[in-house]
Structures are given as C-alpha cells and as structure tokens.
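Lettered A, B, C and D in written order, each chain numbered from 1.
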Amino acid sequence: MIVVMDGKTSESHQQKITEKLNEMGYQVHTIKGERKIVLGVIGDAKTLSSIPFYTFDGVENVIPIEKPYKLASKEYKSSPTEIKVKDVVIGGEEIVIMAGPCAVENEKQIFQTAQLVKDAGAKILRGGAFKPRSSPYSFQGLEEEGLKLLAQAREETGLLIVTEVMSASHIELVGRYTDIFQVGARNMQNFVLLKELGKAGKPVLLKRGMAATLEELLLSAEYILSQGNSQVILCERGIRTFENHTRNTLDLSAIPAIKTMSHLPVIVDPSHGTGRRELISPMSKAAIAAGADGLIIEVHPIPKESTSDGAQTIDFTHFKNLMTEIELVAKAVGRTLMQKELSTEKEVS
Amino acid sequence: MIVVMDGKTSESHQQKITEKLNEMGYQVHTIKGERKIVLGVIGDAKTLSSIPFYTFDGVENVIPIEKPYKLASKEYKSSPTEIKVKDVVIGGEEIVIMAGPCAVENEKQIFQTAQLVKDAGAKILRGGAFKPRSSPYSFQGLEEEGLKLLAQAREETGLLIVTEVMSASHIELVGRYTDIFQVGARNMQNFVLLKELGKAGKPVLLKRGMAATLEELLLSAEYILSQGNSQVILCERGIRTFENHTRNTLDLSAIPAIKTMSHLPVIVDPSHGTGRRELISPMSKAAIAAGADGLIIEVHPIPKESTSDGAQTIDFTHFKNLMTEIELVAKAVGRTLMQKELSTEKEVS
Amino acid sequence: MIVVMDGKTSESHQQKITEKLNEMGYQVHTIKGERKIVLGVIGDAKTLSSIPFYTFDGVENVIPIEKPYKLASKEYKSSPTEIKVKDVVIGGEEIVIMAGPCAVENEKQIFQTAQLVKDAGAKILRGGAFKPRSSPYSFQGLEEEGLKLLAQAREETGLLIVTEVMSASHIELVGRYTDIFQVGARNMQNFVLLKELGKAGKPVLLKRGMAATLEELLLSAEYILSQGNSQVILCERGIRTFENHTRNTLDLSAIPAIKTMSHLPVIVDPSHGTGRRELISPMSKAAIAAGADGLIIEVHPIPKESTSDGAQTIDFTHFKNLMTEIELVAKAVGRTLMQKELSTEKEVS
Amino acid sequence: MIVVMDGKTSESHQQKITEKLNEMGYQVHTIKGERKIVLGVIGDAKTLSSIPFYTFDGVENVIPIEKPYKLASKEYKSSPTEIKVKDVVIGGEEIVIMAGPCAVENEKQIFQTAQLVKDAGAKILRGGAFKPRSSPYSFQGLEEEGLKLLAQAREETGLLIVTEVMSASHIELVGRYTDIFQVGARNMQNFVLLKELGKAGKPVLLKRGMAATLEELLLSAEYILSQGNSQVILCERGIRTFENHTRNTLDLSAIPAIKTMSHLPVIVDPSHGTGRRELISPMSKAAIAAGADGLIIEVHPIPKESTSDGAQTIDFTHFKNLMTEIELVAKAVGRTLMQKELSTEKEVS
C-alpha cells in the first residue's frame, strides 16, 4: 500500500498515521519528495484495506500495490486450471463449445437443438429455465419444467448442461439437474449467491457484469473459490459502453489480460456480446484467436419462433458453418475443437 | 412498434411478417420510402416485444414506440407519489434527509450518530447490517446484531430506519427491523429479490445500477410495483464512466429526467456518487436544486475509525454545516427541509 | 513517481533501473515488501514521464504521484483566477450568463436574441459562425458573415461575444470579431489550435471533450497557459456514457472537483450537456448550486425555425423564467447574477 | 424519418407539423396508435435533419430511418474498396502490416526499424514526426526533420510511409513526404482537417475517436469522401470505457460491423488499443480472425530507450514471432500476409 500525503503535512500529522500503522503491525517507509510525502506500508494487504486512510490529515491518495484477490491469482497458482466435468475438460488444449437456445421453450425445441449442436461438435448444452429479464412482462422461463427438459436432452445426447441460477434459494433445485451453474452478468455481484455457490460442489460459469472491471470479476470468482469451490469458469460477454451499434462491446482483450492475472479458464459469449447475428461468426473466430478456452453460443432451430433474443440467435446451418470456421482458427493458434468421437461414445454404447 | 425493412424486400417477405402480425391481432400500416419500408404496428406493446422480428427477411431495425414500463410511468399516474412512513413523507414538498454510517459497527457508534443526525434535521437513519463488498475479505457487516442496534437507535431517537437487504432469503429477517428496505446498485437487477420485495409490504429504496439506464431503473421498479407494492423510492448514486477522479459519475440529470417519466420520488446519494468527502456538500446542494426529494448521506462520528468508505464519509460538524447550506437551496427552489419539531415529538413525550 | 516491481526481480535487474535513474539525476528509495518491490523516485516529474519504465525487467506498474499540469494547478496559484473582459468578470462573486442561438442565422434572429437575452440579464452573446457538425451535409455556419452579425449585435447591445474557432488557421479571422474564443469539445485535444490560442491574447473558453478526464482537460488548458495566455475558462458540457436518455451525461461533480484542482473558472453548458429542453432549468440551477461561475445556454427567438439543436434550445419566455430561478439559487449559495445596470450602461449612454 | 407524437396531441397541432413537412416537399403518413401518433416522413433525408421537429407541440421522439452517410455506405458501393499505394493494396485479399516506432527519434532508430520490420514482412513504415501529446511538456516530435528521416528510410527499404498530420496547415508539408496521411483519434472530428484532406489527393488512414460511434466514424470518412478523395482507410484503435486494466478497450466487433455498413477497408491498432505489450500478439491474431484488412503496430529496436509509449511497444524478436503467428491465422480465415518478394524486389534491383 502506498499512501501519498501533501508535502506540507506537519510532522505531528505524519506521526499520527505512522503510529496507527505501527500499532497495527505494519512497517512504514517514509519518502519525502519535493511536493509530496510518500509512505510505503508493508504487511498483510487484506487488513490494510480497512484502514480509513483518507480521514488522516494530509492524505491525498491511497494506492494499493498488491492485488486484492488471492486464490484466483496467478501468483497463487501458476498453471492453468482445467475443469473436468465428466469427459469434458474446460481450460485444456481443446476448445469447448456450449450451444443452445436462449430459453428452453418445449421438448421439441430443446431436443432438436441438443441433437444438432452435438452433431456439429458442441459438448455442452445451454438453455435458460430461469430467465433474468429487464421487464417483468417478458417471458421468465419454464423454471423446473425447463430444467427437466434439459436433463432429458442430456439423457438423449450425452451432452452436459449449463443453465442459469438466479438466486441462492434456487441452488438446490437447479443443482438437481445441471452440470454447471451459470451466474448471469446481472448477478456477478450477488454476493449471497456467490457464497452459496462456493459450497455447491459443482462448476460455476461466472459471467462478467456489464460494468465490471477485470479485477472485480476476479474478486467475484474469489467469493466462490474462498468457500472451497475451485471450479470457476470466467465468461466475457460484453461490457456496456456508449457504442450502440452492438448490444454490448465485446472486450476480447479481457481474455489474454485475465490469462496474465489468473489461472482460471475464460470463455466468450459472442451472442450477448454483440447482440447481432451477423457478428457472431467473426467474433467467435476472434475470441479463439485471442486465446479463449471456449464459446457459449445461442442457437435455435427456428430463430423466427424463439421467445427471446431473436436478433442474436443463429440457426443450425449457421452454427455448423461457424464450427467449421473456428476449427481452422483453433488449429492456427495451436488448439483443437474437442474430438467429436469422445462425446458421441455414450450415444453409441 | 416500428419495423424498418430494406426497401428491396420482396413482396412475399413483406407479406410474411404482416400475416404473422395480423394473426396475432396487430394492425399493420406499411409506408414505402425510397430506400426503406417502414411498418407501423399497433396493438398491445407488452406481447409485441416477444416477436423475433429480426429473424424475418428484410428486417433491419425494430424501434419500440411505447415505454416498456407501465405502473411506474407518468401516463399511468400523473401526480407525484408520496410515500408515507409513520410521520415522514418522501416525495412531498419537504426534502427528507437520510444519514448515518456506511456500516453499523457498535452500539456507541450508531447511537451517537443517530442522535446527532437527528439533531441536525435528518429524519431517517441509514446504516448497513448486511454489506455487499467487492472483496470476500472485506468486513461484511454485523448482520442481525446490526439490525438490532438500528432498531434500538430508532427506539431512542424516533428516527426511521433504512438498511440494505441483499437477498430474497433475508427479507423476512431484515423486515422484522427496518422501516424501509434498501436495494443496492449491484442488486438493481436481482429480479428474484425485487419480486419478493413487491410482496413485502414495506417501502423500497431502489438504487440505480452502475450501468443501468433510466429505463432499466424504471423497469426494476416495475418489478416491485407489479407485485402490488406501490412504495418505491428511486435513488441516483452515480454511474460508471471513464472518469476516475470521482468514484462514480453522479448523474444529476437523472432527477428531472425521471420526474418527466415517472411519478415516483427520487433521492440522491452524493456519498457513493462522488466517493470524495470534499464533493458531498456541493453535490448535495446541486441535487436539491435539480429537484431531488431527499438525500442519503454517509456520516460517522469519527470517520478515521470507520470500517468502510472512509474517503466519502463526513463527520458531524461537516454534516451540520451541510444541513444549513441545503436548507437555503431548498428554499430557493420552493422546498423545505422537514420541520425538526415533527420528528423530535416522540422523544419529548 | 512510484515504480512497482515483482518481488522476485533479481538484484541485477533492480540495479539496472536504479542506475538509469541515478544517472538522470533522480534519487531512488527502495522498499521491499513481501511480494512487491516499490521504488520511490524523487526529482523533476516532467522529465520522469519520458522514461520507458515498463521496458525494464520486473516492472509491473508505474504510478505518477505529482500532477502532470502545473500552471493550471492550485499549487501554482491558490487564489481563483478572475478573467476580466471589458466590464465583465468571469470567476468572481457574480455568476455570468452567456446565451444565444446555436448558430447565427440572420440579422433579425441574432439582433432580437441579443436584445432579449441582455434584457433578461445575460452578459455575453453566444452564437456559432463556424459550426462543427458530425455530418458534412449539415449546415456549417455563415462563417465571416456570421462573425460580422455578432459584432453588430455587440455594437447594438453592449454584450460581449463568444464564438467558436475550429482551426488554428481561423484564429486571425475569428479574433478580429470575437471577445472570447470558444474551443469545442471535439477540439479539446487539437493541440495545434491550443498552442496558437496561447499566443492569441484573448480569453479562451475551453470545453471538455466528450471522453476527456478532468486531468486531460487541465492539461489542454496547460497548453494554452504555457504559451503565455492565462485567460482560460473551463466548460463542463457533458461526457459520453451508456445512458441515452440524455444527449450527454452532464458531470456536475466536475465543478467542485476542478475547484480543488485548479484556480481557473468553470462554467456549465446545460444545453449540450442534456440535449433536452425540459432539463435545462433544473440543471442550470444545479450547476449554480454546485459552484459554477457561469452558464452558456442556447436560446432562440423561435426554436421551431432554428437550423440546428432545436431539441435543446429554449425560447425567450423560458429563458427569462430560468434567469429568475437561478438568481434565487445563486443567492442561496452566496453568489449573485451580475448587476443588470452594469451592462445596460452603454445602451443608456 | 419517424416522428413520434403524444397520442393526445390535438388535430391542429398535428396539422401544423404535417403542413410544414408538405410545404417542404415531404410526404407524410400518419399512424394513430393507442397512446402514440406516428408520422412516417418520406423524402430526402439530408434536408430532413435540419427541421427542428422537437419544437412542435406533441413531438416526443424523432427517429432517423436512413443512414446519415452516403458515399461511405455499402448501399452506395457494395464491393469492397481496395486502396492501391504503389505496389501495396489495402483492402484486398492480402493483409497489410504497418509497423514502426511511436515517434521518429533519430536516423539509426528509424533506419534499423525500417529494415527489420520490412524483413519480417511489413509493407508500410509508421512513425510520428508530429506527435499529439496530452501534456505540453511531453516530446512533441522531430517535425520536418522526422519526415525527412522517414523519406530516407523509404528510399533505403522501399517501404511506404504513413505518418500523422495534426492540422490542416501541415498538410502541404507532411504531404511532401508521406504516402498515407494518418489522422489521429483526437482529430477524428477536426472537420477543417478532414475537408482539406479530402482535397489532398493521397490516402488517409482515419483513426476512430476515443468516444466515437461507428456512425460518427463513417460520417468523418464522409467528410473526406465528399471532397473527392475516395481513399480512406478506417482504423479501430480502442475506445474509452470504465475498464482501466487496458489503456483503451479494443472494439474488435467494429471490424465486421463496419464491413456490413461500409465498403471501406478497416485496420486495427493493437498497440494503442491495449496499451500493454503482452496483449499485442493475441489481439493482433484476433483482429485478423475478425476480418481486419491490416494492422498498425508500434515496434522499436530498444523499447527501453523509446521516448514514448514504451509500455505498448514491442521489440524485433517479438515482432517477428507476431508475424509468424498472424500468418497462420490469416490463412485460417482465407487471407494471406502480403508476399515478401514483392516488396523486396526494389531492394534487389
């Protein structure tokens, strides 16, 4: 921690803050410059942050030097974390594709989609049963009925399931069906939910909030990790900016940036990240080229009939072409799309 | 709803979308321009939003004309909503000040603060018992112990209480103590929480999310209103922008803007809105001048010892001066600070 | 300057950077923490910024401690700068109102406006002769013809003139007519223009860029000041954010924030800052309450016939009411609107 | 143009606006909904934008339907524009790399860099002679001396040159040396400069402003195109957001988005777009995967000694590796890096 003080701060005011810090067990190094006095404070960063430095006379600025997250950091664990869910590994050499409709609507829709995304190479089926919608008047999801349909689609295809959990009180219910919990962007700082997911014993796909910095995303991961759940997958899904051509601004630099900060896998959601169907293929390729460990994509058999997010949903033909295209890019950056054989094994047997 | 189509869209493709709309009971007016075809669609706006227009060939843009919120709108209720909590009215002629520490820390701190903010003219005591903190390692609040201290401070002073509820599962507990539920910025789109608060029978202070548009804020209010709770107080507390001199950018234009869109009262949080003690007085005055119905301000007897938000917390002297200053501005815009006598009555008896 | 290095940086790599700094005449204080090494570097901040610290092994972060601007800073000059233009003082006790049309359109429009804004208490006439427009197909201004009309309106009324200069090559021409040069938001970092205005010998009204931090605004002022022109008026006119209800987000906290950083006067443009007529009165009052030294407002005799910015332009009745309202707020914060007598003197004689 | 009016607007007020529009030669279609009246206005969009719709009673919203740019649009020219500068084609199948130091510093630096980036496959040498710097105290460039060094480096290597022009008054001077004019982000809306470049007869590399929408970028291109210069190359270089881990947020979705809006080529600047050396390779690959027609990259022989932008500058080894990596990605998306033979021909002869 660096504390910057006005160069004219009196000796006694300098002493006050130094004494307080010494009392609390910190070492203080004082550097006197021309116009500023700088205190270098050494000791446990976690407790330091709770000292109200700004209330001491002369203090102008307080600059943290150490990262506020620990378990999520590369310093804590330098090798990339691989998250194994049954026979699927997220964060390894192979790139994992999650695909499916925005919302689970009915049996036919989810079964058809599951079969087709699987045939194209997806390993995980996405689909919302509980839907966070800006308006109370929009379709809010089939709830448990939707979860059951997802589980049946898993039975049929062998795909894994990822679906959103919107509240700590739903964890038990959603957990009965899903393989991976999804935390949506609006809940990235729902700390009660995060803490409970830290005890839920299943992987968590944590989406970046619309206005969240990378540091805040990692701190939210830290909430889950610090409760004992080390299976966190981060997801870049676009941030909110002034640009309104796209629904959000997909921040692909988040991928390599997080890779320098953390050991956790990072996937990208080009559907919400752009909100425009025509941008999904190029941004999927770009995400892979930037180092993403996977993608989560909205696919619907007949986008015309989807109950939500129609503008950003692609159909099967589009999805199949996309898979062919990203396979080439994956190879160009030394990665592979997962072997199709692996996941179809179950079906065959 | 306006649907803009490419001027070269074939007749049959135009028909498809028109037929779909007619089937669903909408009237369609077609306007053919030079390069664009425009469909004016008339009917119930609520169901319209679930049609996946973008998936029809030729559709380039879909523009909603009607506001997506209803109960929160000025069209629904043109007179300003006044929220009465015991003898305090929020949204009336008088400006209501809520003040207190960031977090409830101990008996002495909360009692002393309660007495002093009351003496200076505050009507409502704020104080966090459940604290949403970016880091899992920061102080998370005294929880029920904090709620009890708040309730005791209410007994002693006659002040009302406002305190944050972070999860639907805490509503029952927090509701046992508080007069007004506070929903923090990070939970503005925690829809499970909002729906439950719609049934909780107590006023809700709803803070604007860091990246929330005014329309989204009103839609979140609509979640509460549509469950039968008409007592919603909106709170501007700063949005996230590129500017980093202040913790957030306090968007005071939100006040008069909301007043043109909605009948709900609006208050301002200059403490979180600026994050800097020296900006709290000028921005409090500005908020009142812009038409705010109240303020919520962080005050601590000894900011040096506060466990959180020290940089933006003011002490009692500062608070007393602030109250004197805003009283003058309130008068200049035809408002008053609430009569001190009213709230001290109880104490006297 | 603080240089943060990885705690594992080798002694020899630490030496390299220290030697380079010593060579250049800086003192270096090294603080070794648990996971980080911190160098406190003392010496002239101006040249420090040109050392490519990040290219030295082990360097993780470089944190400037001293402000990069000097002449604009409060440390350089602690008393507020008052800018005197004939009998008008900007930055003194009195609040100065600048008003007029977006663009000068014709003789009748500008003369009528000049007379009426003067009668209502404005001291300075605004009006664009050179108009920066996003589209090359929009009206670009009357150019010199517009400047002449402004000068004639000044003759008639005794008002001062402020008008925009868009290029260094126009300074001579615009300077022949105007009393104050206006630099628009889009040109805040047109450094060639700023440098030349530093030599132009007339006050400059410098608008904040749409994405400019306060520090960058002060650095742009520094460009003018460092060329010998000390007459710089800063203008907050809204920044670009995700919120689209308003044209820009008017950042009123910029006013008191700049007052803590700089001695220069600050005015506010609520017309561009909101882009909505109905928000101009409340935001004007709020600006005054927050400590603004003046306002610049778009007024047109018949907004229906204005060639630009119709949505944010107010008519005379609106303007007169606005003046009455802000006078009350000005008094409430210990300021006054300038005496009407002073500026009408000339007319009388 | 769509004009939305309050459904309660009186017949006479509806007539007023309709009459005005008819007078001006527009056709008006009126659609009456439940709560809103919608006017569809047909005619020349260019003049429509100058009608002050908002000043008519009852008008709530005005929504443009046609794009405000024309020559830059895909509707105007559907095939991609290829810009040929000597033997280099920008916007064709081959991806063009521009590389070089932030600023030209001296003969050795620029010659060495030129030779090495050429050997690695770059076709165009970048280097600033006039430098726009936030602070007046930072190095402002070697000016004409820098231009001469660039021209000599071209002589030696056969590379083309791209360098920044900061003011209309410098066009003649810079044009004497450069092959391509660069307009920096801060000057994207310096309309005087853009207009003059429209007459300068050389290609212009137009960088997106830090807070510019894609529509505004295309309108700035339109300024150049409408003066007769059809050789405009657009450049995404990051936008300003709340995220502060990176210097800017590189908006790669701008690439495919612009490709759907315009025929102009798009390149990417990952150096300014990220501000961090370790992100340049992944974001370069991502840019190519997203469809960029080229890259502009800051390279310096000894980044430790560069006078500016050290944190984002890469050395030769890094650059060579980068070129190898992007070549693979280029192939994966059906593009090539330009043939090395072509540009070395001259050297051989």
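Quick notes on this structure:
Keep this in mind: a contact is a pair of C-beta atoms (placed from the backbone, for glycine too) under 8 Å apart; a residue touches a chain by one contact, two chains touch by 3 or more.
Here the structure is a predicted model, which means the values were calculated and not measured.
Looking at the partners of subunit A and subunit B together, the chains they share are C, D. Interface comparison, C-D versus A-C: the pair with the greater number of contacting C-beta pairs is C-D.
Averaging Cα coordinates per chain places subunit B and subunit C 31 Å apart. With centres set at the average Cα position, the gap from subunit C to subunit D is 27 Å.
Subunit A and subunit C have centres, each the mean of its CA atoms, that are 40 Å apart. Counting partners per residue, subunit C has 211, 240-242, 244 as the residues that reach two or more other chains. Per the touch definition, subunit A reaches subunit D in the complex via residues 211, 213-215, 239, 241-246, 249-253, 255-257, 260, 273-274, 276, 278-279, 282-283, 285-291, 325, 328-329, 331-333. Note for the complex: subunit C touches subunit A at residues 2, 4, 29, 31-36, 38, 40, 42, 61, 63, 65-66, 75, 240-242, 244. Contacts from subunit C toward subunit D in the complex involve residues 46, 49-56, 68-69, 132-139, 166-170, 186-187, 189-193, 195, 209-211, 216, 219-220, 222-223, 226, 240, 277, 302-308, 310-311, 313.
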